[in-house]
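Each of the next two complexes has chain A plus one other chain: chain B in the first, chain C in the second.
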Partner chain A sequence: MDFAFTPEQEQLRQEVRDFIAENVTDSVRAEVEDAMDEGHGEEYMKLRAKIAERGWIGISFPKEYGGQDGSRIDQYIVEEELARVGVNVGLSGSGGPAILAAGTEEQKQYFIPRLIRGEVTFALGFTEPQAGADLAGLQTRAVRDGDDYIINGQKMYTSSAHYATHIYMMARTDPDAPKHKGISIFLFPMDTPGVTVRPLWTIQNDPPAPMGTTYGMGRTNETFFEDVRVPASSMLGEENMGWYVGAMGLNLDRVGASRYLISVRRDEDIVNWVKENEFDGHSPSEDPEVRDRIAEMWIEAQVCRLMTLRSMSIVEHGGNFTYEGSAEKVWAPEHGVRTTEGISQILGPYAQLLNGSIGAVEDGVFAHNLMGSFQSGINHGSVQVMRDQVARRGLGMPRG
Partner chain B sequence: MAKDPVCGKDIDEEEARQQTGQTRFGAAEVDPQKGTRRFHNGTWFYFCGLECRSKFMASPDSFIGAGSS
Partner chain C sequence: MDVLLTDEEEMLKNSAREFLEAECSPELAREMERDDLGYPPQLWKQMATLGWVGMALPERYGGQGLSLTYLGLVMEEVGRHIVPVPLHSTMTAALTINADGTDEQRQETLPKVCSGDMVLTWAFSEADPRYRAESVKMEARRDGDGYILNGTKMFVDNFNASEKCLVVCRSTHGSQGTDGISLFLVDTSSPGISHELLTTLAKDKQSQVVFENVRVPSSAMIGEEGSAWPIVEAMLDRGTALLCTQMTGAARKDAEMAIDYSKNRLAFGRPVASFQSIQHICADMIMWVDGGQLLTYEALWRMDQGLPASVEVSQAKAFCNEKCEAVVRSSQIIHGGIGFMMEFNLHLWFRRVTAWTLRLGTTFEHRARVARALLDQPGKMRLGRSMYQTASR
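Moving on to the complex of A and B:
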């Protein structure tokens, strides 16, 4: 067992740092972060194109679909360095891995290169008002009609529906089958007639979360489907096998570093803040309680990082990936909540001041992270569901 | 005109579904102030807001029949 990065991986990390120093200017960062709630802007797309030119996006995807046939850990190194400056170069969630695993050749040829280039982005259409933790209880229906399906129903918390190009969604294709067995997945453009988006505003909306907030978005949506006609070729995987395709995609996506990467910036921001500020001639970093608390957060973050790298290592070596992603999906969000709470204790009453308030620390970024951190334990599989998966798949316990 | 099956308020279905904007890649957007809806057992039900819809979802059978679709 070797926990070290190879010399080539260390060199890659340095190359990414050099690239960032040269290309990720303050103005680019401002545009990237300002545009986050409305999707990516022009500056981000230019930056993403430069990153893609270097072969740094989708490194682990096959070359025939625009990737590099490279290492997932190399991809992680690129993502980790860019996360430090707020630049996300992910592939729009679990859709990419699911397409690669279950898509037709035509779907792979169409979607994967475009995901890598950032030309296609997915809104995730799984959750419904009554079907979140109990996702298999979803009621959106897709009925076969000749060469098409007609979809009726609605999805909840489709967070990027207002700027995504496509939706990656589940619908019930056999209402008489047991609930996990009558579901199929569809991929189709957001501008398909009959798709309607209704905005929902979150606690991060008013006042707007400042630059550097890593948790939560100001806007999410509910999305309605009313007699939406899509070709049968929009289906991903076999009919009625969508539950398993979707679960596989979510599991593969949990291997990704995104959960850990959310914490990188927040943890580093507070370390920098306590080192760079002085009160009455003293730095908070001289306070033993502050130092202890921050050291504790850092140790927790390293557990998170090691769990992420272990999962990637299992995938790299072709291992059977079962409960590891679920374990990460418990640890990372709960670590996030603990650290945002710890930061609020370090900052005292100032930690509660939101963006725009007089006296708000760093424009309220820590307060906004505190509010938004709880969301991370709910979306893409709640920590309760993840614990159940660890118990069953990892520890061999019966279904509860 | 539909009726919110929970509070009984009249809901204009056409207004609730009327396009008032467009997402970046072309989906219709509606005004969130005009209520919301729910596809339940093959039928659309209309609500004045999320609170009524949540009550409906907790116990749909107790409200069905009170509203129109």
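Moving on to the complex of A and C:
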């Protein structure tokens, strides 16, 4: 056991902080925050390129594909610092790691360096109108036609589809096989003919959530595939094995610095807010019940932190987490909800005031968090599905 | 940064587990609940011979000179197997004697502790159950070249089996709070001491100890007269962190028993383990234990590095108090009526973990301490970064 970062890692952290102080200006931050609604702007892309130039994206990826062969902990440090200012440079597990594990040499050569440089971004095409928690029940079809596949169907909540360059999606390639054994993954450009993206507006859209909101995105999408012809070479991994490749990537999506910060930034926010603010001369930090609740939340947040570091430690040892990633994905989102709800009971009626309202606290960020925080317990595997996985994979309990 | 156990740490834990699995059955724990002494001296001696009692004590006294973390790993296994030995009380006192005692005090106690020939304990609580300086009212009055102790201590663990006891007193008449606190190493056989066992839900050996004009020499004092509070606080912190290891060790075993039971217990024609309502409780149980364990390890690790750890200790204890209790309660519920039966072993864990949640600081007390660190010192707080300027009990 060693709970300290090395001096080199502390130095790396300082370098990232210095970089942020110099480069992440308010206007960049505003642009970053808008990205989920309007796509990445010019300033963000410049910033991202600068970060990539430093070698800070994909640190743990192999050198031959543009990474650094570096430590997963180093990568965690960079991601943590940048995520604190709203810049997410974590490469999603669905994407880079899945391609490294299952991709052809050609796919690795093409995608990994471009993901690192930010030239390729993936929208994720998993959920469908009739397939959410039971993702393997998906109905989008891909039918072989010569050297190509023809894809037809619909995906829901394809959040960055309106600005992503590519989609990473699951489709059914064998309708007669058991449902987990007839699915394949395809990677192809969003501008492939037959792909249509339609916006879905969230409860955060009006008024727009302020900077720093948890799940403050105003927009997601539904994406339609109508006779979309893609070459067979766009398949990731073997035909009909997509469920297993996809599950591996999704498992990685459930851990890491960005997701951890989504769940714990609120704890720091409220601690620092009650210390510096008061209502009519009275600081909530003097109330015993507020103090007790804040300490409780903080302790839970430490557990989120340590569970994240546990997953990182397992990866660093070259292992795979069996239940630990799922455990983290239960604990952190549920903690995030308890915190935002705790904060709302500290602020009372002020917690309802949205961005732009008279009396809004910190531009209404706490109110918007209250609307958004439960979202992280839903996506990438709901907390209920995650508990199933902890019980079945971690504890060997049988299916019902 | 690596929160996993090293190979050496894993080996130690495994060897402790193998030994205790073989040597300590639940029947032994049950038997010791009815025993006058409360522990089997032979097993205690064996554990000393294996080096576990002296694990974190210096080699020059016959110990192994290893870290608190190592001791914690052993104590996790002691908790797992609910081993009825006075390890916690002895370590809490011995580590304080080692850290803050005189050479003479160390010579007098530590070699015997390491060899398994001396059991120790410590006495803090009185009428006020809170673990804070204000709760200490017991008087130590200077008299010639010694002190006269008067007062009543409660919840003194294994006093009946202990040769010596660290006693927290107020040596300055009328002093308040942390001022005027002194610590004495007292022979339990001193004239004027009487004790009576309490009837506790863990059926462990805790006593009410009455001190009536008990005379101790000046040489029995640990630290300086009237300014021993920091020593006492460090003693409580070490004791608390080590207690957390016992709690998580016992709670994990308790959760495993529920999981195993659910796989074999049939209802509606299938194992109850196949019901999601049961699976989700079990998933929570494991996550709770994992969380408590990680917090505890971080606290122990910080102490081993010589870093301030009071906040981490309180984080761990506040969390373990609630979550380990939730684990053992959930396990009882999964077992149904049989878990409530005296002849079934599960309650041995339930009653012990429950008792440990009540010792060395309640959830409220520990959260209050974390809140002071978070809210009563200036500057922005950030998870994972130092929280220390002050964080006293």
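Observations on the structure shown:
Just so we're on the same page, the second predicted complex is superposed on the first by the 387 of 400 C-alpha atoms of A that agree within 3 Å, B and C clash if a C-alpha of one lies under 4 Å from a C-alpha of the other, contacts with A are read in each partner's own complex, and residues count from 1 in each chain.
Keep this in mind: a contact is a pair of C-beta atoms (placed from the backbone, for glycine too) under 8 Å apart; a residue touches a chain by one contact, two chains touch by 3 or more.
Fair warning: this is a prediction, and the values are worked out from it, not measured in the lab.
Partners chain B and chain C fit side by side in the overlay (superposition on chain A).
Legend: residue contacts after superposition of the two complexes on their common chain; A:4 is shown touching chain C, with no touch to chain B.
Residue contacts after overlaying the shared chain place A:313 against chain C, while chain B stays out of touching range. The partner that reaches more residues of chain A, of the two candidates chain B and chain C, is C.
Once the two complexes are laid over each other on the shared chain, residue contacts for A:391 go to chain C alone; chain B is not touched. Once chain A of one complex is fitted onto chain A of the other, the partner contacts of A:146 are absent, as it touches neither chain B nor chain C.
By the touch criterion defined above, A:296 lies against chain C but remains apart from chain B after alignment on the C-alpha atoms of chain A. In the overlay built on the shared chain, the residue A:222 is in contact with chain B alone; chain C does not reach it. Of the two partner chains placed by the overlay, neither chain B nor chain C lies in contact with A:281. Contacts of A:330 after superposition on the shared chain: chain C is touched, whereas chain B is not.
When the two structures are aligned on their common chain, the gap between the nearest CA atoms of chain B and chain C comes to 23 Å. Chain contact summary for the complex, chain A toward chain C: residues 1-6, 9, 73, 264, 267-268, 271-272, 274-275, 285, 288, 291-292, 294-296, 298-303, 305-307, 309-310, 312-314, 316-317, 323, 327, 330-331, 384, 386-388, 390-392, 394-400.
On chain C, the positions that touch chain A within their shared complex are 1-6, 9, 69, 259, 262-263, 270-271, 273-276, 278-280, 282-284, 286-287, 290-291, 294-295, 297-298, 301-302, 305, 315, 318-319, 364, 367-371, 374-375, 378, 380-384. Residue ranges of chain B in contact with chain A, taken from their complex: 17, 19, 23-30, 32, 36-42, 44, 53-54, 57. Chain A meets chain B in the complex at residues 38-39, 129-130, 139-141, 152-154, 161-165, 189-192, 195-201, 222-224, 226.
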